[in-house]
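To start, I am sharing the structure in question, which I have written as structure tokens.
By written order: A, B, C and D. Residues from 1 in each chain.
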């Protein structure tokens, strides 16, 4: 799960990483009261998961309470504009009112999991405040990396090496190893897939401060930090994830596409292959859906309704390879599900093979459903029926 | 540094190791008030570093405030009786008033540093409440050990393996892995050389509780835990350590013996060899003293006075091998020290060799001191002069 | 021969009395796997329905049975502990079926258990058909033969194996390496073993989007298996970037892990990439009949 | 030859601009050690009085100079970090002079830096007389020759070496293994190296009370160095049990680590134990002239 800036900064603060003074507000009036109580130079920042807040005008400075109220109202009035990854944009429910820093330099520091090295990796650059992908393109030589040996963990020399290798301004050097160490502790304590400080600011008065915070947590590790796991409810899942959650399949197991061939398979690999088969047959996929292991009637019905009610599917291709999942059970699940559902009916194409496939096919036949022989056959038939 | 029971238990409590409810009191009246406020069945335990409190009658149960006051008075009235390691006994400055546990079983669990394996080692036995040395003699088969790979650290299977291998009562099994893990964390967090729970009690109502706590901390790691390091001042150093501290040599660098040949050398190994040389020459050593590296006048004077004023020395054998320490500097230090000291004078035997030895010997000769040639010569001469 | 597992490999199951563990232990036992016992703390001394001894600790199990392989069916919060226990007890190959282990647990386990091979986590296991099965694969679809199969996912593997078996192409060993971002044994590490396995005469590599395992496998094949017939498949060609589809591992970031990058890498190594699973048997038969692969361009 | 160190060993100093580091770097340099540079963070680009380059990190130093040896003069709170830095930079032999390192730091470093040899901590260093000196030993008392010397303490080593040199018995390599309870390289590990060193024709082992290094050394000598002339010394025979004398390592617990136990072990291995340092040269000369040691009783 991705954290918003103010949540990430709360973790930073706990871990001992310097962050600007701030207040979190859900209304323009709260912003006003906060600035009244804490006079000074403030920045009002929209709290959203999407990037590109600055360009979208969702970060604005404010000097008094009145200005604070006004810019907060302006920021919260419209959602973040859509982009390729979030075609719906994102509603702004709160803002962070933050100390305006007198920034002299901006650097970049992140830790993520490197799949190939199978180690946590630090990435540091003396170019901060811009997309790291952009830095990687424009200043590849500025990127310093360090792959951490998890048996040893973090030791301050790592921070020193990174600071020198990335040629950070000497003003960073004293503070950097401790900040990098705190970030590493946080990365492990919370099971983060990514922790990113961009920019890590060096102020004119010599402080090194995390001016932004991006934290992406491993959902599988959330149970270890119940306090943080609760934040989940306050975070907007994207619509597909919400639908998946509602249907009781894992939030990663459903995703919609603009086509009209609905699909469902057991196992993510097979579900992807099923999508590919439909494409190969010239069809346009309506969704990715992994029904998982136990494909009982309730689960099948939920999946059917999920697809029928939320995608442009005009046909539903069910592709089951009975390994551990037994074919007869799945067949019974499909028959029951179709009998129970109140949703509109669209044609089914069923491919059912593997363990107990004869019995499964017999059950389907009794219910008037004729399964196809292979995945490719199924894909072809589904594409035919869809068009 | 060794902690007292109530200090050890404070660390245990912080680490999540269950300990009995308790209050720490420095007077019998405080014991009385505590029991008045907290009625029940209590045990009053002398807080000392020496072992053998039970046998010495320094642990007594008390049911009401009056009895509490009385037993506390009785316990604190006399010091712990002397034993071989503490020939002076130990004054009792405080007591722990502790919940009286209904104990069903007593086990033993400790972690220490294994020099040969170069790993932390767990030692667990189903026999608790007695000296572990005694257990090792009488029930060697009951001792289960586990050498921890520090790259991995503690993992709960270690506690399970130990519980099964030591054949702990099944009542321990659920709680034990977490307690062992907390003890391991504590061992590393505080840099302990020994953490020992003896006994680890299983109560009739199924609780697993550390009924005693023995913690020995690495002095070199104290700086990391300033809060605990402060306890040092409240702990009685033994008299030799107090003297060493007063003279500004490390507390491990001075120790007294019943003989009359005072010794001082630079380096612990050479200091031990010097003692051995005196013994070989038929003499009786008055002390061990490592003057350390920089043997300047102040340091030499402190050492001289330390020995003359606190041991039965009738002669002082100074044995310096000038390696990094330069002979001329040491010689100057000796001459100045003898000129400055106000303490009574005893004969010096000086052996000075190594770097700049000629210059050093010339300085001594000018001051009327004739150094001997070798360590053995020095030892012989010192023994002669002492008798 | 075969890799990692044969009929003499002594296997235990960690979590043998749990619902999943007991069900699959029974299936492995019936398949003919040399299952020598299992572990459930507190149930030491019991015997399973198959007559296998249950031990309190892996150490006891290894001491009593000489087990070298352990199949781990314990819930995610306890999986790292189970792997450490296996490692310290001297297990040399641990097959971790558990799905949903925190990625940092796997990171730490993989970084500190040098000398123990881990298959998975989040994998269907390992089978050397006709000899032994360790994991949750449906044994009846496999057939002994000369094709080594590598895959990142479960049911897709079954789909592919089923096609191979129906086409008469038996398998030497099939390894489901697992769908998590961090796995104990990569494609390349498996390929190193297949390279030295006399039984393995051809290979199928079932990759998917995300990570760089396929690219590395392609490079290894190009460099070290010039004469081995190989066919590849890359699942998830129609997945959108930046979103994970089911598998925690199947996520594309940047230009890395795209199907295009993987397909290009295989083709550069002279490995034909099947467009759909059903093409795999025919592609492989063609590769086998053709013999030696064309030499690779020096630039690769 | 010699062990661990010769005139070609490229040495850097970590903490080279500190008071101790710069003083001893100068001494090592004058002795003829192949000192190639040093490290002090933030002083990269400077040059020492000896004309040696200073680097910001060990990694840079190793890359620029090809150093394999590092001598560590940093205060106790930073010593573990310095050792990890050396390890990750590819240093193969680290000599850690620092006294007062928390024992848990050493425990963790020793347990996680496989492949790097550590001498110390809390040691006087290492010298192969006539070739190179790394540490704080006074070079002028040493003389090149055939006697390998092992010792747990500093000045006692000098005492012994001085006696050897005066008696005409030069040294191949002298190793001060360090006085802490946990050390990187034990007597036995040094003996393994001496066993294969053609220059080393005889050995002196200067032990002291505490620990079991001497007992293990004795057993190793008995089993693997039957023809090597060896003399031992055990310091601290008059130390009381349960109290540490100066060295953190010199503490007797139980019957373990007593002088009696150590002397008995050496004698059982056929190694004469000198009662005082001054006896060592004569004892060694006698062992050398006698040739092969008497075979050990099988019971040992």
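Heads up, the rule we're going with is that a residue touches a chain if its C-beta (ideal position, glycine included) is under 8 Å from a C-beta of that chain, and two chains touch if they have at least 3 such contacts.
The structure presented is a predicted model; accordingly, all values stated were derived computationally and were not measured.
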item: Minimum number of chain-to-chain touching steps separating subunit C from subunit D; value: 2
item: Result of counting contacting C-beta pairs for B-C and A-C, higher pair; value: A-C
item: Cα-centroid distance, subunit A relative to subunit D, in whole angstrom; value: 55
item: Inter-chain centre distance, subunit A versus subunit C - centres from mean C-alpha coordinates, in Å; value: 28
item: Subunit C: positions in contact with at least two other chains; value: 108, 112
item: Residues of subunit B engaged with two or more neighbouring chains; value: 149, 151-152
item: In the complex, subunit D residues that touch subunit B; value: 76-77, 100-105, 107-108, 110-112, 124, 136-138, 140-141, 151-159, 162, 179, 181-182, 206, 208-209, 211-213, 216, 235-240, 242-250, 254, 275-278
item: Residues of subunit C touching subunit B in the complex; value: 41-42, 44, 56-60, 78, 80-82, 84-85, 87-88, 108, 112-113
item: Residue numbers on subunit B that touch subunit C, as the complex places them; value: 149, 151-152, 155-157, 160-161, 164, 170, 173
item: Residue ranges of subunit B in contact with subunit D within the complex; value: 85, 113, 115-116, 118-120, 133, 149-151, 187-188, 191, 193, 218, 220-221, 223-224, 250, 252-253, 255, 257, 265-273, 275-277, 279-280, 285, 288, 290, 321-324, 353-355, 374-376
